[in-house]
Structure formats: structure tokens, C-alpha cells
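Data block below; observations after.
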Amino acid sequence: MVNIANPILLVVIPLFFTFLIALSGSFLKSGVKYLPVIAFALNLVVSLALIPEVVKNGMVIATTAGFKPPFAIDMAVDKLGLFLSIIASLLGFVASVYNLFYIDEEPQEKFHALFTLLVAGLTWMIITGDIFNLFVAFEVTSIAAFGLVGFHRDKGAIEAGFKYLVMGSIGGSFLLIGIIMLYAATGTLNIVDIAQKTSHLTFQQKLFPFAMIFTGLGIEGALFPLNAWLPDAHPAAPSSVSSILSGIMTTAAIYAIIRLTNTIFDFNQIYFFLMIFALLTLIFGEVSAFFQKDIKRMLAYSTIGQTGLFFFAFSLNTVNGLQGAFMQMVNHSLSKGMLFLVVGGMIMQVGSRNIDDFAGLGRKMKVSSFFLAIGAFSLMGLPPFFGFWSKLKIIFAALQNANAFLVASVVIILLMSVVEGAYFFKLLQVMFFGKQEKDVAVKEASYGMLFSVVVLGTVLLIISFYPSPVIDFMHKAAAEIINKNYITLALKLGGL
Amino acid sequence: MVKMILIAIVAPLLAFSIGLSFMMIKRKVVARIQRRYGPTIIQPIFDIMKLLLKEDNISHGVIFSLGPIIAIAGSILSVFFIPIAGLNMLTGSGDLIALLYIMAIGSLGMALGAGDSANPNASIGISRALTLMFGYDLPLVIIVISVALQYHTTDLSAIVAAQANGHWALWSLPLSAIVGFVVTYGALGEHPFDIITAPHEVATGPMVEYGGKHLGFLMINHAFHLYVEIALFVDLFLGGASNIFIFYIKMFAVFFIMMMFDEVLPRFKIDDAVRFFWKWPTVVALISLIIVLVK
Amino acid sequence: MNILLEIMLATPFIGGLLAFIGGKVHRWVRYAVAVTFSFLTLIEALVYYNATIKGVVWGSLFGSKLVLQTNPISWLFLFIVTAMSFLIVIFSIGDMEEDKIKLDSYYMQLLFVEGAMVGIVLAGDLITFFMFWEIMSWTSYFLIIYGGKKSVAAGYKYIIMSIIGAYSMFIAIAMLYVKAHSLVYADVAATLAHSSATFVVWTVVLLGIGFFVKAAVMPLHTWLPDAHSEAPSPVSPLLSGVLIKMGAYGLFIVLYGFLSVQLAGNIMPSVFSTPILLYIIQWLAALSIVLATFLAIMQEDAKRLLAYSSISQIGYVVLGIATGTSLGVAGGLFHALNHAIFKGLLFLAVGAVIYRTGTRNLSDLGGLVKKMPYTFTALLLGIIALAGVPPLNGFVSKWMIYEALLQKKEVFLLIMAFIGSTGAFLYVYRLIHSIFLGQLPKKYENVKDVPILMQFPIWVLAVLTIVFGIFPGLAMNVIVKGMKLFGFKPIAYTLFGFPQGTAMGALKVINISAVLVVAFVAAWVLFLILSKSRKVSQYDNYAAGQVVTPELKYNYSFGFYMSFGRVIKSILKLGIERIYNYWVDAAKVFGDYYMRRVYTGNLETYNSYIVIVVTIAAVAILLGGKLW
Amino acid sequence: MEKMTEEQVKSIANMLRKRSLWMIHYCTGCGAMELPPTMTSRYDMERFGLAPYVTSRQADILLITGYLNVKTLRRVITVYEQMLDPKYVIGFGSCTLNGGVYWDSYAVIKQLDRYIPADLYIAGCMPRPEAVISAFRHLMELIDSGKADGYKRYKRNLAYYKENQRKVLG
């Protein structure tokens, strides 16, 4: 009896399917599109099966490649990693279902292969236990994403893909440099092992790799000003891909930064630096989003803003702050993932990405618009949706040990929330109460696409109305990371 | 009980007679000021009776007819809240502040009726009347507050009692009294604040469609109105009176001085009237109020 | 008994969902559900008459308990919310027509707003309060923008300002949470009692901004005239009558539930024996009263006029509540009830007129008294109450506020309050005159009075204006009992008014009304015995001999107070909204300009950003992390 | 008995009416010049309870000074019909009697009596204020004796008057 509660499966299954799709594409033809669905359904099952283990032990560690840690390739799923991998699998699953009805362009098998690879890479990034694997996952993700962004092969998509390619490659290089430096200094790649050995490193020895890794991951994680590729890439990509990029990729990259910062580069001075980045990201993301006419661009900028928000919460470096950050990550992944899927369906119907052309859709695409509204509300942080609880937590945490700077930051965050409200409400009122000028025959998106949206929306609604399990879970996860239980746990479970 | 009913009947009649007597005197005095012989002294009675006995009356609707009735009802109501000659009828049920609003009932009823006459002259008249009311209300309110603060009560009968034995508010609050005197002009719509009913411009304004018994009612109401405004002034600043004759004399004195100015003044444009009230009377009233506050 | 609180809170939400689903079956199912559930809520609310329940815990969040409570003051607002919502639901059935607008979610939103407001008044801690506050904001936003194209812009302004206000509250709530780790009212009060003056002032100011935005106290009122006038007819009374009262309720809770006059007096200087903070609030309220009155006088749009009047009247509520004396606070709370009644009545009556004529432009209307006599009578009662003329309810509460101010010798505020009331004569007369009096335009000759479904709520409210006018003691029973809980000395009152000693004078409304009725009857009898009057048409009218025809448009309605407008020209020029717009525009231009400079779309630029970040990091390293 | 009281009421009413006569005057050109001295301190007609009033609803007397033409006749008739009973008409000057100096004009109404019932004429061109006051005194006597019944005649012969009016006014 194989124990399916093995984190390695989370990576292995989609990778296997990637190759399967690529190889079988030529003879399975259109049947190939069902393979990602199977892959992510399996992934979802695996990640759900991990829940009891993680709850029991606090962490699940799996090693492979026949070595013992610290030299093995090991996967460590802690509480947050578990949560994110569930969301990644869920998003992957619903997005691949969505793809069944959404992608009709050729070459299909390449799209599906890259798509599966993308999610595989992201899951890998989330659950990896050593930094070299992190780099590998980063590169896998990037390569898949470059291809997917340019998938439409029109001018905008190619340009966006190219920009992303250049910046992503630079980011990858920086990440690699950082990892090499760390390795040079400590002689190990296992995160926990490094954490144990960094105590005797000098400040510079720690800070330099940190700067490199931060820059590398920051490009993927949409931190200002490293995120300039994002507003081009997200709109250009097919909506299901945008959903993954926006919903999981930034989250995963930020999660990687959080983990590395907390376990390896744990010096207090860094947090102020990070907070500045977070606030800039927030301001530039939200304000830019306000001026967008293109709905996907608007959502992309909004992603930047949200990233800034949860990065800010993380940079508070308190249990509450981290809890808020995690909650906001969950909220963002679900809502933004759902929004991109909804919008994709709408764009298919309307044939335009201009917000003004969405006028009157609220009456014609009722289900889609309803879930769009819910997603938008949750992102704005309006009760009773989950975003409200996370925003509440973040602000409470920010004012915990308030100094003037933090109070000012809170004011900025709330002002930016107002801006966020401004553009989301603008979108909503156009959709629900605008008048359609053009005579387009618009009908509701197909059931398959709606299925994806409804699944995500339902999950969001469930955690909105019963937030306490998630909140408690996040609290434990945050406490684990801040209090370094992560390391002791990993040591206990033989992660080393 | 019998006494109460008696008072309830007598008080309005008394008020009406006093008001009517002022109307009578006014016609004669005005004529003499204008170097005319003037009508017979009881001319207003003829006018009112004639109007009431018109054979034909027109009405533009229920509200049109109700206007004068509400006006009179409001005026009668106000009469009961003004202590005369040691008689405090309903002053325990409503104080000075309430009285200010009770006095508005009649005007608003009249305004409604005039509005229903579907005549733009009436509407313009009402517009002016309300604007003027807004104008004189500012100084009026200020002096009412100063009197209330001076005597630490808003109970009109208490205010009157406090002024007994010649301690009139006129002596302690001379500035307020002057403003009150000016405000009374506005409240009565006398010159120079008679643009509301200016016959040459708006054809008697609110009364334009009123004739016959309706107009008769309005004239009766005017008698009440004269009484109420002047009696209020006497109660506030001249210490009321212990018996009806002294009260009448005081009222007459006030009215007579008013008439002397009244007939020789021209007419204010309505916005100028408001500007006037919001300028000098207000400033003077405020000075008086500040004096009370500081004291 | 206590579980009913939660049930009462859930009822409107469930009702909303059911109405939405029921509407898919048939519209009458939707109506039945909406009416039933709003009525149920009302009944459930009535159960708690004068009850005091503390702390029904319904959950917990971040270590703070979520609590529901009720006390007589909450009940007063609960009554306003549930009763008005019930009536508005009934009115909506008559007024909102299926074919004009899609009503799929209208009743859902309506009941959600009700539920949110029930949540606000029942909240026993600030998280619950804030949560329902936000729910109220966005649900009411959706109601406002049901009114068509213009209302969308109005709703946008509303929701943005609401969010700003709410986030201001949010900071204060977060500050309190951080300090006490519990946001239950009692704990908050205890925290504030042991806090520094700066902290208290900041808390109250930040919470106050949130409440003032909702209550539309100047200078935070700019959303109200647009939102209230552009919203659909049944929604305007909900906004004006009920929703802005939530701001007043919040203010009361903060000032007297958390703070108290004694405490406030201890930590800050006093003016006219009022703590300076309260005194400033009073001034803001007084300015609202006067300026909004001026603006209301100059309006040409019936609902806009009423909207400005709402700003003015809520000014009385806030002014009364901020006096800090028993009489003044009771007056303010009573005025909140009264305002809900008469303003609801007025908006509904105007809604009825709009329903029949399709316009709310005052100069297009006229003479409708002959066609819609019942609506006229109701509206007449409403304006008498609004103008504060005895014997209707608006008078009593205003009287209490005046007396309270007089007692405290706050004369300038008192003068402003008086002026607002006299100014109210002007605009209410303008309202009733331009709609119901004057010449009836020919196009409205076939107008009928509105159906019974719309008459019913209007007349319920009309009767209430009389009931609370003549029997102010009915409301005082609740208010005085509730205020005792908040540490106020009870004021003496009778069923009919206030005896000597409560205020500087006495009041007995029953006597005023009795004498008025007798005098009226006497005059009427005299009127009747004289020769009968003959009814003439509106075209048989004095025009200096000119023959009046419909084409002549023999009516005075446009620019009714134009000459008065000349007097207050300089005041009308003050545009707070212009200042806001200027800053918003400036921010937009600035933001757009700089965002384009940052996200240029140029790859070289983007790559240089990476270099910059690395450079910053390198500098940081060279400085040994001593950059900060 | 019943009838007696009614009679008495009527006579009392007439007595009151004659003491208070309010006048609305229709003026064209020259005739109105004679009214200011009549009203003001030189002759002071208020002595007799006479007063100028503004609107047709308030007035008892319609004083037509000077000539009428087709255009103004319509106004005069409107005013007359708007006045409340009892109402009286006085024709002032020759123009109302026979057209006066404009007797041969195509547009002038020569005889007032054909269109509205006049209770009294003041002959002359111009009649002096003394004549005007004398006319009012005479009207008072007529009222007192119940002979000033123009408004009744108008009602009785409405068809006749309307016919004449229609002929001129169309």
C-alpha cells in the first residue's frame, strides 16, 4: 500500500503528466487536454491527504534521491506550505477544467504541457526543503510561464513574453548567485541546515546572498520596482494562466522569501527595508490599477497592490502580522484566481478587454458577475468576506507596537484600500448598471468555465463565513515560523 | 371650571377688540398724518361686516378656504400663551420658545391658503413673507434669548412677574427693546416692510384671490395679529400689566409710536429688508446679548 | 429569550436570500417573503421593548469576543430601523415597477441593509459594529444605484466617502484593540478611562469621522445630496430616515458609552461647561444646520431639497446628542426618531408624486392638491413636523434641544439652531407649494392619488407624527430609561410633555393641540354660517383682467426664493465639494503622470530598476546595515 | 316672520355695504387723472368709506374711466365677472355713455351698458372730483334703497349681454 500522503507526489505527478502530455500529444490529439485535469485532481487528493499528517506532526518531510539529508532532495510541507499547495492544486485543477473549454488555439498539447509544468514548478517552489531545488523550481516555473505568456503569439503577447523572459532570466541569475554564495559560506543547501550554520556568519556574509535572493525572487514575487514585467505579462497570457500567475506565482515567490528570511536571514534590521518595498509596491500597484482601462491590466496591477499588502504584513515580523499576511495570501490566491477566470469568460463573450465594453454584463452573465462581485469585495476587504478578516488582522497587527512610521503605513494602506475600492466599484457599477452601447450577443459563459468559477467562489464563501478554522490554522502556522519551531520540527522529523 | 371657560371665551374677544381698536385708530391717525379727514372711526367694522356679508364667495379649493381659518385659529391659540393683566392662561403649557412657533401656525396656514389660490402674485407674496420672516427671526431670536437669560426662565408669566414694580426689561435691556421694536415692524408687515402685500407690485400678494368672507377673516386675523405682536412686546419689555387698562395703555403707546414712523417710511426691497435685519438689528441684539452673558 | 437576538439579526438576511430565490418563482412570492420577513423582524424587535440585555456572545475573533446586546437606546434605533424598513418594503411593492428596472436583487439588498443596521444597533463590540457598518455601506450602495444613470455617479461618491469614513473608524478600532485586546463596549470604556487624553481624542476623532460621513455632518456631507436625491423613491427614506441615524447612534455610543461627559471634562478643557471636543462637534452640527438650510432653500429638485434638509435635521440630532446634558441628549435622540418619521414620510410622499408624475423638478409640478389630496395631507403633516411647529413631533424634540442649549447658555449655537428652524419654513413651504399648490399643469389633469399599498406606509408615518407630537412621553419612556444606563440623570416628563423645572419653561402639547382644535372649530363654524362659497376653476383667476389659459403658465415656481438667494450669495459660493474635487483631480493627474513614468513599458528601464535595487542592497551592505 | 328677518338682514347688510365701498378702477388715458385728487387729501373719499382696492375679488365697485375698445372690453368683462356679488359698475365720463370724442372710431365701444350693466353714469368730459364724489353718494343711496341691482340684471339677462359681447369680441 503506497502512502499517498507524500509531498513528493505533489511534484512528481504533474511532472510526469507534463512529459506524458508532451509525448502523447501527437496521437491523443484533442484528448490531451483531459490529462492536466487528471493530474491536478490527483494532486488535490494528495494534498488533502496530507492534512491529517500535517495537523498531527506539524510538518511532513519526505526525502528522495537516495541520500540522507542534508544532501537529499527533500520536500518539507509545513502548515502554510500545505495550505498553499492545496490552493495551488485547487487552482490548477479548476484552471485545467476551465482550459477544456477555454483553449481552442493550437498547439494544444504544448499549452497543456507547459501549463502542467507551471503548476508543478509552483508547487515545487512551495514545498521544497532546499534552496537549490528552489532555484530549479523557479526556473521550471519561469520557463513554463515565458512560453505561456507568449502563447497567443500576437504582438502584445510576444512583447510581454520577451520582457518577462529577460527580466525573469536576470532574476534567476541573481537567485543562483545568491544560492551559490550561501553554499560557499555554509557548505550546504538544505534550508534547515543552513539555518543552523548561519549563526556564525558575518552580517555581510548573510546580507549579500540575501540581497541577491531577494532580488531574484522579488522579480517573480512582483515587488516594486522589480515587477514591471507583470502588468504586461498577466493581461497578455490566457486567462487561466493569468489566474495561476496572479493567484499562485506571486504568492509562492513571496512565501519563499518569507521562509528564507525567517529561517536563514533572520536579522531585524532587514524588516524595515522590506516594509519600504512593500509600501511602495502597494502604492504603485493600487494607484496604477486605478487608471487602467484594460480589465486584465487592472487586475494585474491590483495583484501588485495585494502583494504589497501581504508583504507589508509579513515585514511586521510578528506572529499576528504573519498570520495576517498568510490570511491575505489565501484570500488573494482564491479571489484573484477566481477573478481572472471570470474575466476570461467575459472577455470571450465580449471580445474586448476594455472595461467600458463590459457595461451591462451584470444582467447578461449573472453568475459570472455575481462571483466577480464576491471576488472584488473580498479583495477590497468588505465584510463578510474573507478579505475583511485578513485586512482586520493586518491592521490590528500593524498597530500592535505602533510607532509613527507604522501608523503612517496603516494610513497609507487604508488610503490605498480606498483607491482599490474606487476602481473595483467603478468596474462593478459599469458591469451592473452601465448601458451596453455595442450590439453584442452576450450569453453566460459555458458550464465548464462556470464550474471552475463556482468551485473557487464556494471555497471563498465557505472560508468567509467560517473563518475561524482558517484563522486558527494560520495563527499556528505563523507562530511556527516566527518562533522557529519550523527548524526544531524539521530536525525532529529527520528533515536534516 | 366656569371661570376657565369664561376666560377662554373672553380672552380672544378681548384680544380681537383691542386689535380692532388699533385698526380703527390707525385708519384715522394715518389719514391725519396725510392731512386727510379720514374715515369714520368704526370704518374697519363696516369693512369686516361688509366682507362677511358678501352674497357671493369664491373658493379655489379646500385649502384655500382653510387658510384664513387656520390663520385665525393660530392667532387665537397664541393669545392664550401671552399673559395679559395678570392672567396666565396657558403659559404653563408652553413657554416663550413654544410661543415663537405657535405664532407661526397662523402664518403657515395663511401661506397654504394663499398658495392654493393658484395665483403667482400670491406665491410671490408668500415667498416674500417667508423671506422676511427669515430676516426678522434672527434678531428676534437673539432678543428672546437675551430676555430669557436675563430672567433665567423662558416662562413668559415669570418674565412678566420679574418685571413687576417698574423693573422693566426696557431699562435693563434697552438695546434689545429697540431691536424688538424694529422687529415688530417686520412681524406686522408694516412700512417699511410691507413689500409682501405691496398692492402696486403683487396686487396685495397673498390676499390677491381672497374676497368676501375669506378676506373678512383675514382682516379679523389681522386684528389678532396686531394684538399678539404688540402684547408680546409689552410683556417682554414693558413688564406686562396688572390690569387690562394699563395693559391697553402700554400697548397703545407702543402702537402709537410705531404708527408715527410707519406712515412716513418708504418700502424696502425684500432682499434689502433681509440685509437690513441681518445687519443693524442683529448686531445691536448681539451686543445686548453679550452684555447679558457677561453680566 | 436571548437567542432571539441572533434570530432577529439573521431574519432579514435570510429573508433577503429567500426573497431573491422566491423572485425567480414569481414576483408575488418575492413580495410576500420580503413583507413577511421585515414584519417578523419588526415583531422580534418589539419584543425587546425597554429590555436590557448584556453580552450575548456569538463568536470570537482574534481573541476579542463578538457580542450582541440591547438596551432601550439601541431599541429606539432598532425600532426606527425595523419599522421604517417594513414600511419601505411595502411602499416598494407599489412603487418599484418590474418592467422599469430589474428587481432580482432589489429586495435582497433592501433586507440586507435592514439586517446590517439591525446588526449595528445590536452590536455589543466594535468588530461586530464595524463589520455590519461595512455591510451596510455596500448593500446600501447597491440600493442607491438602482435609481438609474445619474445615481451611479452618486452611489460612487457615496461608497468612496463611506469607505474613507469606515477606514478612519477602522484605525480607531485597531488602536483600541491593540490597547485592550477586547472590543466589547464595556472593555473599550474601561480602556479609555485609563488612557491619555491624546489617545482618547484621537480615538473619538477617528471614530467620529466615520460617523460624521454617514450622518453627513458638514463638511463630510457631500455625498448625501446626490445619493439621497438620485436613489429610487423607496430607498431615499431608508437612507435619510434610517441610515444616517446610524451615525448618530454611533456618536452616542462613543460619547456616552465609551466616554462620558465627566471623563471628557477631566481630560480636556471645557467651554460653556462642555468638554471642548463635544463643543467642536456641536459647532459642526450647528454649521450643518444653517448652511444646509440655506442650500435647501435654493434647491429646484424636490428630493435634493429634502436631502439638504436631512443634513440640516441630522445637525439637530448631533447638536442635541453633543450637549451632554440629560435634556439635550434626550432631545437629540428623540429628534432622531422624529426625523426618521417625518423625513421618511416626506420622502415617501414625494416618491408618490414622482410615481404619478414622473418628475421631481419642482418647477414642473403644481396644483396636485386636487388630484392627490391624501398624499397632500400626509405631506402637510410631514412638513409641519419638520418645520418644528406644534403640535407635531418635530416641535417637541427641537424644543428640548433649544431649552438644553439655553440652560447651558450656548447662545450662538442656539441662535443657529433657531435660524435653521425658521429657514425650514422656507424650504418646506417651497416643497408643498411647488408640488401641490399653484396652477395644475395641463399634463397632470388625469393624475390620480397613489394606490393603497403606497398610501399605507405614508399614513402610518403621518399618524406617528401626531402621536409622538402629542404624547412625547411615549418616546421619553424609552429614552430616559435608556439614558439612565449611560449615567444620565433622568429628566422629569409626563405623557404630554415636560413640567416646569425640567427645562427653563414648561410644555404640555396636549393643551396646545386642544386649544388649537377648539379655536379651529370655532373659526370654522363662523365660516360655515356665512354664505357658501362657490368653487371656481384655477383659470378663473385674477390677472389684471387678462384671461388665464393653460398656455399662459400662470404660476410662480422657478427660483422661488431668488431674491433671498441674492442675500446669501456669498454663502452659497462656499463649495466644500469643489475643494474635494480639486484635490481628487490633482491626485488623479499626479498619479497618472507618475505611474506612466514608472511603468513605461520599456524593457531597458525595467532592467535598470533591477540594477537600482541591487545597488541599494549593495550600498546597504557596504554601510554594514547601518542605513537605518 | 322668517321673511321679515331676511328682509331686515338685507337692509342691515345694505346699510353696511354702502358704508364700505371698495373700488377697482379701469383707467385709460385722461379719465384717471381725476381720481388722485378724489382719493387724496384735497377731497379724501375715504371719508365715506370709499377706498381704492387692487384685485377684482376684493372690490365692490368697478369704475370705468374713459373709453373702452375691443381689446380692453374683454378685460373689463373678465374683471367684472370675477368680482363678488353684490357688485356695482360706474361709467365715468362721456366715453362710457356714447363713445365721447371717439364716437366715430371703429375700435371703440360706444355704449358700456350693452356689455355689462352699469348702475350709474357720471357724465362730462372730464367730470370733476366733486362730480365723482357726488356719484358715489348717489350710488350709496341706490344701494341703501336696494336699487343698485346691476349684478342681478346681469344674471337675469345673461344671454343678452353675452350675445352683445360675442358680437364685438367674436
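Here the chain labels run A, B, C and D in written order, and each chain numbers its own residues starting at 1.
Assume contacts are C-beta pairs under 8 Å (C-beta built on N, C-alpha and C of every residue); 3 or more make two chains touch, one makes a residue touch a chain.
Quick caveat: nothing in here was measured; it's all calculated off a predicted structure.
Undergrad: So which chain ends up closest to the centre of the protein, judged by Cα positions averaged per chain?
TA: Smallest offset from the overall C-alpha mean is found for C.
Undergrad: When contacts are scored as defined above, which chain pair ends up with more C-beta pairs, A-C or C-D?
TA: A-C
Undergrad: Quick one: report the Å distance separating chain A from chain C, using the average Cα coordinate of each chain.
TA: 43
Undergrad: In angstrom, rounded to a whole number, how far apart do the mean CA points of chain A and chain D lie?
TA: Once rounded, the distance between the two centres reads 97 Å.
Undergrad: Approximately how many whole Å separate the CA-defined centres of chain A and chain B?
TA: Chain A and chain B have C-alpha centres separated by 78 Å.
Undergrad: Between chain C and chain D, tell me the centre distance in angstrom, where each centre is the average of that chain's C-alpha atoms.
TA: Centre separation, chain C to chain D: 59 Å.
Undergrad: Residues touching two or more other chains, restricted to chain B: which are they?
TA: Answer for chain B, listing residues that touch two or more other chains: 53-58, 203, 208-209, 212.
Undergrad: Give the residues of chain A touching no fewer than two other chains, as numbers and ranges.
TA: Residues of chain A never touch two or more of the other chains.
Undergrad: For chain C, give me the residues that contact two or more of the other chains.
TA: Residues 540-542, 544 of chain C each touch two or more of the other chains.
Undergrad: Could you run through all the chain pairs that touch each other?
TA: A-C, B-C, B-D, C-D
Undergrad: Would you tell me which residues of chain D are touching chain B in their complex?
TA: Residues 13, 16-17, 19-20, 22, 40-41, 44, 46-49, 53-58, 60, 83-86 of chain D touch chain B in their complex.
Undergrad: Considering the complex alone, what residue numbers of chain C touch chain B?
TA: 367, 369-370, 373, 376, 380, 384, 387-390, 395, 399, 402-403, 406, 409, 411, 414-415, 418-419, 421-423, 425-426, 429, 432-433, 437-440, 497, 500, 503-509, 511-512, 515-516, 518-520, 522-524, 527, 530-536, 538, 540-544, 554-557, 560-561, 563-564, 566-567
Undergrad: Enumerate the contact residues on chain C facing chain D in the complex.
TA: Contact set of chain C toward chain D: 540-542, 544-547.
Undergrad: Looking at the complex, which residues from chain B come into contact with chain D?
TA: Listed in rising order, the residues are 27, 31, 34-40, 43, 46-47, 49-50, 53-58, 199, 203-204, 207-212, 215.
Undergrad: In their complex, what parts of chain A are in touch with chain C?
TA: For this pair, the touching residues of chain A are 162-163, 166-167, 170-171, 174, 203-204, 207-208, 210-212, 214-215, 218-219, 225-226, 228-229, 231-232, 267, 269, 272-273, 284, 287-288, 290-291, 320, 363, 366, 377, 382-384, 388-389, 392-393, 395-396, 398-400, 402, 407, 410-411, 414-415, 417-418, 421-422, 425-426, 429, 432-435, 467-468, 471.
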